[in-house]
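The structure under discussion appears below in the form of structure tokens.
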Amino acid sequence: MTEIVSLRPLLAVGAGLAAVLPILLSGRRPALREGWTFLAGAVQLGAALSMLPAALAGAAHVSPALPLLPGMPLQFRADPLGLLFLTLSSILWLATSSYSVGYLRSLGLKHQTGYFAAFAAAVAAAAGVALAANLLTFLIAYEVLTLTTWPLVVHKRTSGVFGSGRSYLAYTLIAGQLLLGAVVWVGMLAPGAQFTPGGFLAGAASDGVLRVLFVLLLVGVGSKAAVFPLHGWLPAAMVAPTPVSALLHAVAVVKAGAFGVLRLTGWVFGPDLMHDLGLSLPLALLAAGTILMASLRALGEDHFKRRLAYSTVSQLSYIVLGGAIGTPLALAGAAFHIVAHGFLKITLFFCAGSVYAATGREHISQLSGLGRAMPFTFAAFAVGALGMAGMPLLPGFISKWNLALGALDDHQVWVVALLVVSGLLNLAYYLPILRIAVFEPGDDRRVREPSPWLVAPPVFAALAAIVLGLAPDAGARFWFLAESAARSVAEHAPEFLTGGLP
Amino acid sequence: MTTYAFAAALFALGIGGMALLPNLLRKLLAMNVMQVAVIVFFVSLAFKDGATVPILGEGGTPQAADFMNPLPHTLMLTAIVVAVSSTGLALGLLVRIRSRFETLNERRLLDRLR
Amino acid sequence: MTEGHLVSIGLLAVMLISAGCALAVKDLLTAAALFGVFSFLTATWFALMGAPDVAFTEACVGGALTTILFVSTAFRTGRRFD
Amino acid sequence: MGSTPPRPAGGERAPRLRRVLGAAAFPALFLGLVVGMTELPEFGDPASPASTHLSPRFIEEGAAETGAANMVTAVLADYRGYDTLGEAAVIFAAGLGCLVILASGGARRDLPVAGMSNRFGSIVLDAATRTLVPVVLLFAVYVLIHGHYSPGGGFQGGVLFGSGLIMMRLVWGPADASPRPGSDVPTFGLSLRGSLVLASVGILAYVGIGLAAMAFGGEFLNYGTLPLGSDPAHVRELATLGIEAAVFLTVGGTVSLLFDTISIGMRENGVPLGSERGPRE
Amino acid sequence: MRDVLPGLLVALPLAGAAFLPLLAALSRRTTRVPALALHVAILAAALALFGSVAAGGPIRYALGGWPGPWGIELWLDGLSTLMAVLVSGMACFASFAQAFGSNEDGAARGSTPLREGLLRGALLLLVAGLLGIVATRDVFNLFVFLEISSLAAYTLVASGGGRSTVAAFRYLLAGTAAGSLYLFGVGFLYALTGTLNMDDLASRLPSVEADAALTVAVVLIAVGLSIKAALFPLHGWLPDTYVYTPTPAAGFIAAVMAKVSAYALLRLLGEVLAGTEAGAVVLEVMIWLGVAGVVAGGVLAVAQRAVTRMLAWSSISAMGMILIGVGMGSALAITGALFHMAAHALAKGCLFFGAGGVRARGGGDDVERWAGLGARAPWTFAALTVAALSLIGIPPAAGFFSKYYLLSASIAAGGPEGIASFAAIILSSLLATVYFLRVLEAVWFRAPAEAPDRASSGEPAGPVLPRPLALPVVGLAVLILLTGIFARPFERHVLPDWETGTARIAAEAP
């Protein structure tokens, strides 16, 4: 891959970071403050899109390297997978920001300045995770991400919330330390630890050491990805304001974790090394278990946002699953699922937040009648729910279809069955929400759609999801990016894995 | 060798007293004993059989074997000063502690601090 | 072993005993005084060892100054075992 | 300290355990030291490394190189003059410390002043002191100057000088030692401030001589470069006398400071440093 | 320049330490400006030396014109000039705090220009002692300057009055015992080799055949210096000392005091005595004690409710980490140890200035009473947050990189001690997470507890900590970030000198 040294990756990462200070300083003028947020979002998106043509041409923008540690510089590189995640996060950041404006104002939440500042920093960190060129940079961005999302999680500042915040930090920071240990170790084995399609660790150490390293790294990134049994913090973190949850799930934390798992399987170890070490199947089984377990937990959950949270746990394990299988189509499906899940889940969270903002209701059993009072919101919700379940013409279908094909390439038929079962489970826990909201009679006639600030973002996200489902390669070329990321990995994979490469 | 052993004994006595005696003033006495032990050790290192004090007499070029080694003596002058300095400062602290806490007994003092 | 060595070792033994006594006696003022004795013995031993400078200094400092400081502190803080 | 729970650090409880451990540790320390000492060169061995490596130069060349017949003075003030500067700084630090601790800042409660006048004050003692003190002070100066040729030097002289002052205070007591009737400053001519000035001037003079050597192109404390004459040994001898005098000042001042603060410090209104009065001199 | 600067580096602080009390005694004016100017001049000298050594290699400086081993030499290489910059830089901050920050309640009573002059003199004396230790090439001279720094430190600790005198007394006992142990060890070395110069020692030691005596010497020196460096379990003096020292001094003492002793350990055990068998064993023991200290310090820090005491225990943990690095002795480990000295000094200085400032303004020391302070002084507490995150090891703060180096060194070292130190360092980060995030949570997100005294008296709250203290706090936080980001040049300047130094000594050994 040809590399273009440029400052654009730095711009993409720095936009959010640079916005923090102005946001903090303009705390007394909300319009200006939010203006900074939108400006930063637009800059980040612009930077991302400006790097797209190079990626289409098979090249990558690379930032100048800042030497931090021997052989381990701080460096950003816009390879297809990173660019995919970056573009997604900047689009969804803009959407979430506009939603946050309406949400915070309609609920009259305090500490809005700190909220927007931390938000900007968190998105910058997510961009850093996306574009990290090596493990060190990834680790740094990852830790910053943890810390900048903590204020968002404890935004309500009640004692229960602090408990959740501590649980969040306990999981993520402990994992972060393990990740640090693993990164140091990798740095000793393979100087530079630069993400390489197809992995760079083959032959760097004995099999046992590599397995230990894999477990350490997996725990490090997997706890953010909420892989079972490290998912405990995610439902607890639902105490955060809804836009935060949306950010956590669709863009920043959980998604960064899933992204990290993909990087780990495809760019650090590589599919063939994982096969050789016998790690693929256990990881796939872990992902499968997580999918089923989380779906079942979601079925029994009445709290609206927490049901969505379990859904996230389940859905993100598709990405892990794709990384574990490692065939090109599976990887492409997994990468595309980052995008698909991002748009769909943010729609769902926006809807949940709108319901809360309009009625103060947080439980599914209280939703009766709201479907008619809030038609736009629930229409968007329906799109999100069906897309999650894998309905054709919606983006979730594309990722799952490719996952299934990829699994078949590796002769793992059970994955197809798993996908079907989990799709059914998805329907089983999403459809009742729609049923209650639309068909059960409501008790409160005064409920109306909330302000346009709260209606437009979910509708926009739902529409975007539909477009993405119909034309996955339009606009930001998400499908192309996912596919070329997968292909770059596959190019380094042995023959038996390359079947089905388009 | 016996001389060295006496220095070691004084040193152990001093440092043991510092650790174990309950009275702060007594601890300081022990501290001084410990410091003197080191001085005794160094001075015994300077001793040479058949040599005299390291002060040049009249006439003749000095021979190394005729005079005690002056270097340890010099060092020990400094060490004595260090000893008296730390003792002086410690006594100052002691007076201050005594006036504030009305005891010089370590355990009572710690009880009072609790 | 020469006669000088024997004197030296005897002196060292007395030094050790006086140091032990200084740490052991109950009355702080007596302890300080015994410490003065110890210092003068030490100074004598230094002189015996051919170190007149050290002996002189030890006599000035250990025997006189330190002892005076100890005694006046003992005066101020109460001489009894505390 | 606010609401800090005054729980001292761990390890202070269980004094019994510590005593048992301690009682065992110190004989062990003694034995360990003795084991190591068995391998040291024999006591008094003229062929030991200590006697053969560096010291021959000090003994054989010392007088010629530094102009001091007393080899200890030669090493102290010249070869290792930097150590001696450190030594002066150490004792100065002690004086400074006692001033900070005792002579400024309020004291809660008064402790009795250490002085023996009310016990031993007698006409004989008084007369003896009147005779003795000038002799002691004079002897101190002699010790300082004669340090080149005999035991002694700035440090010993300084201690003697301080001891002379202390002797007066011990006998006459702080109340009578003051030369000015009515003054509550219980010192003999040398107030705390004065002692402090002496001590500081001593250090400054020492460092100043060292810096002067640098100004004339040598290293710090390289007296040989000072323009005091043509014979290097003689130049060094003069400079050595200068630094001995500096040490004398520092030590004399500090000794008097130490005694004054420790024996009378902290009395309310007893010490000029805590109050807002100006300098006396 | 090269032939003047080393002399100035040691002469300036000593002259200043005598000059300030003199000035204060003779005139009634404040000594604030001269003190600051002196500290800045010393820092400038240290920086110039650092640059000069980086450009032209190590400097040997024969004091008094007598070359070693007869005279006393100074030896300035990348390592020692780095320490000198660290010491004098922190001293500048402390001096600034001392000049403009109001003292704490105990010390403020009866404070006069003279008393302030004395305290400034004591600070300079402390700096003189530490710089002397850093620069010297003579083992006995090291003892002398160790004692200078110790006596000055006792003075500064005790200047708080009350409890701090007790803390100072205990520190004095421990410090004097440490000094005597060290001196006894030096006596052994002198008896065996007849020299005191470090280079001379290193070249003469290999021909010494007295193993037991050499072992005793090495152990005595190591124990003595370890007490000063607060190596677990010889750390007993540290917590009370750090807690009860008045603020300006606490920020300085907590930042550099123990580290300079660790530096001396590195010099002696890692360079001069490295060739001896006993030295190697002692270094290995030091790794294990470091591991124990890292864990014990962290656990006990978690158990504390008072912020300063928590910081003190955290220091014990950090000293454990530094000594792990010293014990391992590889290039990576030394880099890590040095880097952690710098990172920890900056962060601890920052935190102690901050905590002391809060305490001085009556804000209390208990974590609970820190609730809501972040909203009242956002900049200061943002800076303190940076310091805390650095100690936890969050990138890009400096603490991350020291941990990274030390972890790498542990892996490279391998064996049980490598694994143990790896685990201990990771664990210490986790424990640091626990105890620092508790504070940060209170500071930023908790509502302030009602302060009855202030509420009832109705007076305005005023700044959370004395304004002049905010500058060192913020300045240090910026330095923490810069040190982190520009980690590499730092390493490139220091390590080569060290390696050539040890290689030279190894080559000289027959």
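We just call them A, B, C, D and E in the order they show up, numbering each chain from 1.
As a working rule, contacts are C-beta pairs under 8 Å (C-beta built on N, C-alpha and C of every residue); 3 or more make two chains touch, one makes a residue touch a chain.
This one's a predicted model, so the numbers in the text were calculated from it and none came from an experiment.
Chemist: Just to be sure I understand: going only through chains that touch, what's the smallest number of steps from subunit B to subunit D?
Modeler: Step count on the best path from subunit B to subunit D: 1.
Chemist: If you apply the touch rule, which chains end up adjacent to both subunit B and subunit C?
Modeler: Output, common partners of subunit B and subunit C: D.
Chemist: Moving only between chains that touch, what is the shortest number of steps from subunit A to subunit C?
Modeler: The fewest touching-chain steps linking subunit A to subunit C number 3.
Chemist: What's the farthest chain from subunit A if centres are computed as the mean of the Cα atoms?
Modeler: It is C whose centre lies farthest from that of subunit A.
Chemist: Need the central chain here, defined by C-alpha centroid distance to the all-chain C-alpha centroid.
Modeler: E
Chemist: Looking at A-E and C-D, which pair shares more C-beta contacts?
Modeler: When the contacts at A-E and C-D are counted, A-E has more.
Chemist: Whole-Å distance, subunit A centre to subunit D centre, using C-alpha means?
Modeler: Spacing between the chain centres: roughly 72 Å.
Chemist: Averaging only over C-alpha atoms, locate the centres of subunit C and subunit D and give their separation in whole Å.
Modeler: Whole-Å distance between the two chain centres: 19.
Chemist: Whole-Å distance, subunit B centre to subunit E centre, using C-alpha means?
Modeler: 27
Chemist: Residues touching two or more other chains, restricted to subunit C: which are they?
Modeler: 52-53, 57, 61, 65, 69, 73, 76-77
Chemist: If you look at subunit B, which of its residues touch at least two other chains?
Modeler: 2-3, 9, 11, 13-15, 44-47, 49, 51, 53-55, 71-73, 75, 77-78, 81-82, 84-86, 88-89, 91, 93-96, 98, 100, 113
Chemist: Out of subunit A, which residues touch more than one other chain, so two or more?
Modeler: none
Chemist: For this entry, which pairs of chains touch?
Modeler: Applying the touch criterion to every chain pair yields A-E, B-C, B-D, B-E, C-D, D-E.
Chemist: Which residues of subunit D touch subunit C in the complex?
Modeler: Going through subunit D, the ones touching subunit C are 44, 70, 72-73, 111-115, 150-153, 155-156, 159-160, 162-163, 166, 170, 255, 258-259, 262-263.
Chemist: Write out the stretch or stretches of subunit C touching subunit D in their complex.
Modeler: 5, 52-53, 55-57, 60-61, 64-65, 68-69, 71-73, 75-77
Chemist: Contact residues on subunit D for subunit E in the complex?
Modeler: Result: residues 1-6, 8-11, 32-33, 35-41, 48-55, 57-58, 78-83, 85-87, 89-90, 92-94, 96-97, 99-101, 104-106, 193, 196-197, 199-204, 207-208, 210-211, 213-214, 218-225, 273-276, 278-279 of subunit D touch subunit E.
Chemist: For subunit A, which residues count as touching subunit E in their complex?
Modeler: 66-70, 74, 139-140, 143-144, 147, 151, 154, 157, 162, 165-166, 169, 173-174, 177-178, 180-181, 184-185, 187-188
Chemist: Going by the contact rule set out above, which residues of subunit C touch subunit B in the complex?
Modeler: For this pair, the touching residues of subunit C are 2, 8-9, 12-13, 15-16, 19-20, 22-23, 28, 31-32, 35, 38-39, 42, 45-46, 49-54, 57-58, 61-62, 65-66, 69-70, 73-74, 76-78, 81-82.
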